[in-house]
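Handing you a structure now.
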């Protein structure tokens, strides 16, 4: 099954890739590697969640935010592949930051929403290495930011 | 001298690689590059240290925790090399996060325990680039998390 | 125009590359990729800024600090290229950490100083992917730390 068919089956309507707000670009391709800039939980062009996990947003909402970051990563992948997501050979690495309180230790559960999405969409090719850490602050006060390194063909 | 002999000389008994707790995998190989997921200070299958540096753990203990992360990284490297650590061509990059109080500036000294380990084990091949930063929170409230990018042959 | 001429035109006098303080090295070359260690806002061998953004340093000063990190990155690039910056083929990724208060969301504006520098110096080759996040603490209490992945020829 094509990745687009899988997305449809999952009920995911891929948004256009989010434009960066500054003098950087959403992804860079070098050979078969693509480095994708940190994506925020943006939906319909707007930040969908703000604030810290367990304060302004629940763990559940943070998971939805993390999944949104993942959808925006996939949208960038599609652009990097010239529109054909079947060219994604492997999701190599996700780098995830969770805006949280001192001592919060539940980053992995939150970022699982993104990891599960990658495997649901890309199957074995979506299985990736990962770092998930906490932070006291993120751009525009979002709860989650995630960047990625992928391989394409 | 083989890497295994060096490990023995250093008194390091390499544990089995730690299994990830979610839908990600401990490492991904692409060509000669291996991206290794963030490793925690786990010993004998248990988190060995929790809490912030200079609060729950001393700087010295944090160094031991950082070295544990390094041992777990080497264990993953061994798995990525099909059991033969002599295939490690270069440790390219360590990405280190230290769970600490506001304004703490001693991350480099703590992560030196990991850097020293890599050079002790791999010699020149263990000399790496590095980022070491602070954070207010890490998974399962550990004091240190470290990921790596390596080259194998 | 050569990169050195561009630097001169921009009034940038490239410092010698900053030596690492520990058992890691400032950059590692593998094939055409160069991973550069996290650079601090060091000028004339001294930390130029310390403290958190919006506390000890203003957003404007933090931008100057971020640009200093960028200049130190370029100095490392030059060393990695054997002295010839025209061998820089692409700045692939900047990884930026801003030492800030809880909930501060202005990391992108601060790191734009670095992104703008890369494009001013390298033109299209300087356009990069990026992650910019907050943190509660950085080495030696600096306000900004930035690492990089670049491609050379």
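General observations
First chain written, first letter: the chains are A, B and C, and each begins at residue 1.
Going forward, a contact is a pair of C-beta atoms (placed from the backbone, for glycine too) under 8 Å apart; a residue touches a chain by one contact, two chains touch by 3 or more.
Here the structure is a predicted model, which means the values were calculated and not measured.
A complete topology is adopted by the chain contact network, contact being made between every pair of chains. Different-residue interface: subunit A and subunit C share under half of the residue numbers found at their contact.
To fit its Cα atoms onto subunit B, subunit A must turn through 120 degrees, a value rounded to the nearest 5.
Spacing of subunit A relative to subunit C, judged by their CA centroids, is 25 angstrom.
Chain contacts: subunit B has residues 135-136 touching two or more partner chains. On the subunit B side of its complex with subunit C, the touching residues are 32-33, 90, 92-94, 98, 100-109, 111-112, 115-116, 118-119, 127-136, 149, 151.
Contacts from subunit B toward subunit A in the complex involve residues 20-28, 30, 35-38, 51-52, 95, 97, 99, 135-142, 145, 147.
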